[in-house]
Amino acid sequence: MDSKELIARRVAQELRNNTLVNLGIGLPTLVANYVPPGLEVYFQSENGIIGFGARPPEGMEDVHLTDAGGAFVSARPGAVAFDSATSFALIRGGHLDMTVLGGLQVDRHGRLANWMVPGHLVPGMGGAMDLVSGARRVIVAMNHTQKGQPKIVDELTLPATSLRPVTLIVTEMAVIEPTETGLVLRETAPSVMVEAVCAATGTILVVPNDVGVMSVGN
Amino acid sequence: MRSAITPAAAANLVPDGATVMVGGFMGVGSPHRIIKALVVRGVRNLTLIANDTARPGVGVGKLIDAGCVSRVIASHIGTNPETQRRMLSAEIEVELVPQGTLAERIRAGGAGLGGVLTATGLGTMAGEGRMVVQVDGRDFLIEPALKADIALVAARSADYIGNLVYSLTARNFNPLMAMAATTTIAEANEVVPLGVLSPDMIHTPGVLIDYLVERPQLI
Amino acid sequence: MRSAITPAAAANLVPDGATVMVGGFMGVGSPHRIIKALVVRGVRNLTLIANDTARPGVGVGKLIDAGCVSRVIASHIGTNPETQRRMLSAEIEVELVPQGTLAERIRAGGAGLGGVLTATGLGTMAGEGRMVVQVDGRDFLIEPALKADIALVAARSADYIGNLVYSLTARNFNPLMAMAATTTIAEANEVVPLGVLSPDMIHTPGVLIDYLVERPQLI
Amino acid sequence: MDSKELIARRVAQELRNNTLVNLGIGLPTLVANYVPPGLEVYFQSENGIIGFGARPPEGMEDVHLTDAGGAFVSARPGAVAFDSATSFALIRGGHLDMTVLGGLQVDRHGRLANWMVPGHLVPGMGGAMDLVSGARRVIVAMNHTQKGQPKIVDELTLPATSLRPVTLIVTEMAVIEPTETGLVLRETAPSVMVEAVCAATGTILVVPNDVGVMSVGN
């Protein structure tokens, strides 16, 4: 299992029945492949649909139906389309149970930076600030380090996406929960030692006695 | 009842230097025929308000490529390297706005609101220069309404008085922008007789549409 | 997919003392079966948020008649002498809000906004106690978001997951209220299979509906 | 011609082609009967429709389609339905060309009071404050006096509907336009003398040399 699949499978364990979920572009999109059996999950794409499905057969693509990354998708029975104000009313009004986003940095308070690198990369925040400020649960799915440097840091050196702490950080090494008392190490990936996680992390982790092993479903 | 105009006539209604809202999300649901006509007309110095600038050669990306735009207000330009290149060379000024805030600011402009109170962007770069107010003990940014001289929108169907129906994710910013400009111009994939569109399925009332572009030549 | 509940079960979800938004305009588009069940259950001390209180015996007027309501937030009570009588005898407290402001406050509640800026009511009794801010040199009232414990809404059609389609002027406040409460309960004139309602014609996404009342007994 | 018809006919002369118009309950509703020939006018009812029509035949009423007063109406081809937020977005966003409302008082600045009589009548403002604050043109259609007392007064004694002056006042005696320099008498009803209008008015009227006669169409 590669690290992307590991992360996606672990995040999928956070899905709950009958909930509305938004998956960011890239790695988070993979989470849809690992929905635990028996769960009914409604996926929203912020460009204006709930209930999109897999890409349709060649030649059957609808140019009026893509995901937020511009890729062709299909619609499942019961799908709903809406305008951008309604889409973000769902996101910001507390109607979105969970969002999964990539991250550039998370600090010791659980604050996320994921929308720009000053002087280098200025793509824009898109819907990220709304998602992190508005979703009931915010899951960051990212690699633990970038070119050997920790992405979980003491203080953000990149512009914050929101002052609101995220709910959970899932990497290929660990599951970490921001709490009032700091970042708590909840789980390590199979065969990853607690010491290795701490060494790859740029801030202090609270390590309880009962650190579990990342559950990745079936 | 109104008369249909050509895409070229629509482009002539957009003066150089105008502030123009253009519907679409990564080019999906953009008024492609009007955009092409704007490039042909060689419009200059536009302030473009759109969710994104799509990709080079796609949707409003064509306006960027052709040098029609001097300022962009959008939530995302990461998919268009040409926008980024022109931003770094100071040919285009870019204002980035969180997508939900952009949608609400445009909606506020169309709805006659002065603005809305939002928590999105609080304490971040997106909140710089904004007033902060407390309501029920919580802080909110005051995000002012956004309006335009011209809105260019695209729909699946229009009827003779300009009532519009959109399709799936091609709806996006179109209904919001159709309300927020002094002059709104719409193009549709088809124009159908009055009464064909049910009152309950129409997304944009025709009274908001000042000009309707003629149907595309399909046959 | 969800299971349908009876109107009586819906009424049991509304505790005494709750703040309840009820869709409808002069009784048109109100959830009549849930309202009847609330009267039967004898709910007490509700704060009712609705456009109006209809007429005695009609729509939410039934809740007024039966003494279920201790506070009303509405734009108009002029068509219901019973509401006025109970207001004058201090049995019911009434807060009057301009209709457009009421709609925007409820929408803001559902959309996660802290409130909106409006010129409506400036310098009048409706603006008393409100903060005033300037945007672009114009004064606006800050009108705070409005939320509820329960929203009771009515639609023409629902599908198995609670997607709703409204009919004509029966839509009114229903889609706004469906977003603005902790718990939303919907009743529809018909329940149709998943996929029968086109994604483009659905007015309220089913994810907003917590409980759907069983179809009415027509045959 | 009774005074209601006179007022309604005169107001109808203010209608323009291809415009959106909202008529208040009562007298203003009558204006729809006198649309000048050749004009296409779209009537909005603030409960959520543009393009409503006459009451349908007995037994054909749709319980989901009434005007803002709760009376059954029909829909004309091209009609559009919408929710209350959209309805008032149209009204407040400058998309409504004209509204016609009844009045209790208008003061010398052209300010309208029409929603309550303290201690006596507290119906609520409904959509009146939004309409007067938001419509491009606001026409007050009312009787010139009430029980012999002028309704056009120096200072409002009733609570204002909006601080924004109305565009035009049409009564059974006169047409009066609020301007920067005061209330200007534009027209008098047929066979009504300027002096009679001034006598029935509770504030000073500016009387130009060219006061016309109320035009009431065909």
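Observations on the model:
Per-chain numbering from 1; labels A, B, C and D assigned in written order.
Simple rule for what comes next: a contact is a pair of C-beta atoms (placed from the backbone, for glycine too) under 8 Å apart; a residue touches a chain by one contact, two chains touch by 3 or more.
Just so it is clear, the model here is predicted, and its values are computed rather than measured.
Interface comparison, A-B against B-D: more C-beta pairs in contact at A-B.
Note on chain placement: the centre of subunit A and the centre of subunit D lie 55 Å apart, centres being C-alpha means.
Subunit B and subunit C have CA centres that are 32 Å apart. Centre-to-centre spacing of subunit A and subunit B amounts to 29 Å, using the average Cα coordinate of each chain.
Separating the CA-averaged centres of subunit B and subunit D is a span of 35 Å. Shared contact sites, meaning residues of subunit B that touch two or more other chains, fall at 104, 107, 111-113, 118-119, 166-168, 171, 199-200, 203.
Among the residues of subunit A, those touching two or more other chains are numbered 49, 75, 81-82, 85, 88, 91-92, 134.
In terms of which chains touch, the assembly is arranged in some other way, matching none of the line, ring, star or all-to-all patterns. Pairwise, the chains that make contact are A-B, A-C, B-C, B-D, C-D. Interface residues of subunit A facing subunit B in the complex, by the touch rule stated above, are 45-49, 62-70, 75, 81-85, 87-88, 91-92, 116, 121-130, 133-134, 159-163.
For subunit C in complex with subunit D, the residues that touch the partner chain are 25-29, 51-52, 55, 74-79, 84, 87, 94, 96, 98-104, 106-107, 118-126, 156, 166-176, 203.
Put simply, subunit A touches subunit C in their complex at residues 18, 20, 40, 42, 49-51, 75, 77-82, 85, 88-95, 134. Considering their complex, residues 1-2, 107, 109-113, 159-161, 163, 179-180, 194-195, 199-200, 202, 205-208 of subunit C touch subunit A.
By the touch rule above, subunit C contacts subunit B in their complex via residues 104, 108, 111-119, 131, 133, 135-136, 138, 140, 142, 144-145, 165-168, 171, 199-201, 203.
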